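What follows is a set of structures for review.
Both of the next two complexes hold chain A, though its partner changes from chain B to chain C.
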Partner chain A sequence: MKLLLAPAVGVVAVFAAALAALLQYSVLEFIPGSLRTGGFTLANFRGVLAPGYLDYVWDTALLSVATTGLTLVASYPIAYALARTPSRRIRSWLLVLTLAPFFTGAIVRTYAWMLVLGNTVVTWPVPMLFTERGVLVGLVHFSMPTMILLLAAAISHVDPVYERAATSLGARPARVFWRVTLPLSMPGVVSGSLIVFAWTFSAFPTPELLGGGKVKMIANVVKDLALDSFNWPGAAAFAMLALAVTLALLAGLSRVAAGRAP
Partner chain B sequence: MILRLAVLGLLAFMTLPTVVVIAVSFNPTAILSFPPAGLSLRWYANALTYPQFQRAAVNSLMVTGGAVLLALPIGTAAALALERGRLRAPGAWATVLLSPLVVPGVAAGLGFLIVAAFLGLLQSRVVLIAAHVALVLPFVVRSVWVSVTNLDPALERAAASLGATPWRVFRRVTLPLLRPGLFAALLFAVVVSVNEFVVSLFISTRVNEILPVAMFTYVVNYTDPTIAALSTLFIVATFLVVWAIDRVVDLSAVFLHHR
Partner chain C sequence: MLVRLVTLVLATLLATAGVAHAQGPLVVSSWGGNWKDTVERVVGKAFTAKTGVPVEFEVGGTIDRLAKARVAKGSPLVDITLTTTHVGRLYISDGLFARLDMAKLPNAKQIAREAIRSEYHVGAWAYVYTIVYRPDLVKEEITRWADLWSPSLRGKIAMPDFDPSHIITIAALMEGGNELSWEKGQERLRQLKPNIVAFFSTDAQSQDLMKTGQAPVQVMLSVNAYHLQEQGIGVRVVQPRDFPGIVGIDTMALMAGSKKSDLAHQFIDLALSKEVQTELVKSLRAGPTNTGAIVPAPLRGQPGIFLTASEWKERGYIMNDEARAKTLPAWREWFTANIVKK
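Moving on, here comes the complex of A and B:
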């Protein structure tokens, strides 16, 4: 029975080998005009901290924070409806509508936002396409399905009895929400925020197409360096940064989860 | 009431881009307008006859087909082992198997590119298939696992006690009972692989690129509604698949109740 796990572990090992290759390249010297690499160096990571490039890291962090906050606010009502609706049909529809964009490919979704943000539908008072605002809208849209699912899972674990108790004791709906529902659904808020932040930090298609080269996040820098400049070591250093941030946040997530367990 | 309005508004925000894409795909002219000035299927014709899309569609078929054929048995075996294998730490193993999901696409993509270049496989589909197997495996394991936990081992014991060989028990009892999970796993794997973009972009050339990568290149270079037409076909297919999954397995069981 245990041996049945072996093929799957083999698949993950191949995946891990690719990441090991990435790690190796991130500390090898880049030789301009060649895919061959030199010896050991930390210059690639110093490149990440170089003034021009550090701005991209900073922009990435800011966009990730803004995306996380807005996604949280936009997702909570849908998640609440999903967790609390008594009708199985409504829940089914909410879930399908939530998941459909989740499974619609990145290109389709991002192209759709290019149409919406590019004055095709309405004429925007301020430029949207190829600005940070537009990228932010796309990122929030991209993150909502994940956030909704995590929040809904947490809210469905909150016994409605507590809300009814608060209401019967005279609390207004807003107070019930702030003092009962929200605090009790905090596990979902925390895990959803960590996952959305991590995901946004390494977002690629959204800033690539909606940013149009004017807004760049870390993943776009990785692509530029790797596929346009053929600087694989430099790209690897940026990719390692994205990977490290993701892993650190998810480690934080599992610690939060562990701290909560009885 | 306020909640209901908020939910409707937010759902509109979530579905707005889809609606716009579908509307624009019937636009008669190359200059985009909304609502469209008339109805035309010329962009569908364009999308379906564009040679690079045809080549990419064949690549998508091969890569997704190969990846799914590999991932389904591998993932099913893993799900059985996780539930029945008396592993010392099934949770930790599950985390290992699901881990490709959390790795940023550009990191995995560049890693696979370096490996592909090292092995001289840049023009082949082998590396693409390997990457896709790893990326769809978490969805397969997860879907089948739900079915395995619902499977009563007494049924298998009954078959065995009536003299069925282990292989026969697996063929005639275990597999049929796992059918909903396997079906969901198949659909998830297909949808995830067909739409995979970031990792594939890094390990694709014009020769072996899959559809999303070809669409990306087109979007960057042209602005006519051809991609809207192709996207509409993707959206319709995806919607049908998600709806079909929901018919077979309770989606809320897969997504709302995390183990």
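Moving on, here comes the complex of A and C:
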């Protein structure tokens, strides 16, 4: 049994070492124009706790919440159809369409969205490319396949007998959905939402390309600090701050979800 | 007699080849794509033909390669690094470059004084950051930096966000300052904000924005603009009348700890030679650093192509590398907070 745990312990050890290195970097003085670092300082944390940087954390949190909500709403009907359609043919097609984005890669998909959201293919009434709206569209599309699969798995575990029983007792379809199907599929809703929220919080290519430098999320700012300003201690401090915020938010969401689980 | 002579020649050739291969290849760190292909074809092949030593390339972005070099400090994975002049300052500050032995670089005597960036790195070619636009999508002719502020260009301009030093310097110059007194241009830059539609992080993004017309006016690298022209995109490269373009110089340097110092010097010297510089100009459409290089007629007088010492001085603005490397974080922070953010 202990031997089976060895790989997990190894992985944890590697991540812990990497995090320790990041933490160490975050408390070393940044010397502009040099790759060398100075002595111990907390100035990097003071720097990233300034309003300008906290705005990025706030923007990232808002985009993550919006992405999670929209992904859930857009994915549920597809997941429901996938789980409940009696036609094997339709199920196969839905599954193929759901899985197809996984095979195209994030960069290709995002470049495709650049063409669609720009005014080259479609003329939009409001600017889409290089705006938060455009980034949101890209993030939702990126997240949907995973959400659909998780929801479909959860919905397929809801025995249709419960829904038929509710209907036979006079409940209308909307009431059946709200009172029976949705509560019983909550495990999928919760796990899908947590996963989508967590990876949206650390999204990089979508805001990098669809944001056109104007919409930045935490990962983009970390990259800017490290690779464009050569401020690796500052980047490490911001990454640590982001990690702390992510863990706190996920812990909070998990507690809320645990309280609501059927 | 003949048999003995042939045997001697063969033995000498084999011994020489054996030495060359025993040393292993000379490894050059470079950007990928057209940059690497050109250096390999123009410099690498000539070097191998001359010395018998093969040349291998490690390719990557400017900062990725810097990060790799830091990790391998002391026992470098490459012998020569090609990088931008101000990032070269970061390599130097961390002791990653070795001092060049100018006695081993006789061709350096022919290169422009401005191209010898330090005792550690010398310029391989030059270009400018200047205004590039699509006349089919922009009605008014652009001839000056000041034209970028025209209300008719609202929502049409893109510029790099990874390094705003060019536009910051131009704005400062327009207000009577320079990169050292860059604060003078801050208000002017704020006025440019409504005209900026996007910021790009890579050359590829910049070219996409230009091709699709999403940002038909850009502050762009002259070599990238010429590349777009080669692809049939009708962009116009402006030689601004009010202030010169900001010069960029890509440099070569010997890595500290390289065991092939002599070969690396030979490679760098070859790259600086008149003949190789002539070929580099043709392939990259960048300016030669060797003032004796022959430049094709259509390229003469174009932005980023400097032929004489006076052209180096008058037709481009060269920023102070050290000040640029030291101030870039502050520039980026200010630029992001005041120009990039909504």
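The definition used in the following text is that the second predicted complex is superposed on the first by the 217 of 262 C-alpha atoms of A that agree within 3 Å, B and C clash if a C-alpha of one lies under 4 Å from a C-alpha of the other, contacts with A are read in each partner's own complex, and residues count from 1 in each chain.
The definition used in the following text is that a residue touches a chain if its C-beta (ideal position, glycine included) is under 8 Å from a C-beta of that chain, and two chains touch if they have at least 3 such contacts.
Not measured: the values here are computed from a predicted model.
When both complexes are overlaid on chain A, the residue A:Arg36 reaches chain C alone and has no touch with chain B. Of the two partner chains placed around the shared chain by superposition, chain B is the only one that A:Gly105 touches, whereas chain C remains out of contact.
Once chain A of one complex is fitted onto chain A of the other, the partner contacts of A:Ala251 are absent, as it touches neither chain B nor chain C. Of the two partners chain B and chain C, it is B that touches the larger number of chain A residues. When both complexes are overlaid on chain A, the residue A:Asn231 reaches chain C alone and has no touch with chain B. Legend: residue contacts after superposition of the two complexes on their common chain; A:Lys214 is shown touching chain C, with no touch to chain B.
Of the two partner chains, chain C is the only one that A:Leu129 touches; chain B does not reach it. Contacts of A:Asp55 after superposition: chain C is touched, whereas chain B is not reached.
Judged by the touch definition given at the top, the superposed model places A:Ala242 against chain B, while chain C stays out of reach.
Residue overlap on chain A between its contacts with chain B in one complex and with chain C in the other: 35, 111, 114-115, 118, 120, 209, 226-227. Of all the residues in chain C, the ones that touch chain A in their complex are 63, 66, 70, 89-90, 93-94, 158, 161-163, 197-201, 205, 208-209, 212-214, 322, 325-330, 332-333, 336-337, 340-342. The part of chain A that touches chain B in the complex is made up of residues 1-5, 7-9, 11-12, 14-15, 17-22, 24-25, 35, 74-75, 77-78, 80-83, 91-92, 94-101, 103-109, 111-116, 118, 120-121, 141, 144-145, 149, 152-153, 156, 198, 201-202, 204-205, 209, 218-219, 222-223, 226-227, 232, 235-236, 239-240, 242-243, 246-247, 250. Chain B makes touch with chain A in their complex at residues 3-4, 6-7, 10-11, 13-18, 20-21, 24, 32-34, 71, 73-75, 77-78, 80-82, 84-87, 93, 96-97, 99-100, 102-108, 110-115, 117-118, 130-131, 133-134, 137, 141, 191-192, 194-198, 201-202, 212, 215-216, 219-220, 227-228, 231, 234-235, 238-239, 241-243, 246, 251-252, 255-258. Of all the residues in chain A, the ones that touch chain C in their complex are 30, 32-36, 52, 55, 111, 114-115, 118-120, 129-130, 208-209, 212-214, 216, 224, 226-231, 234.
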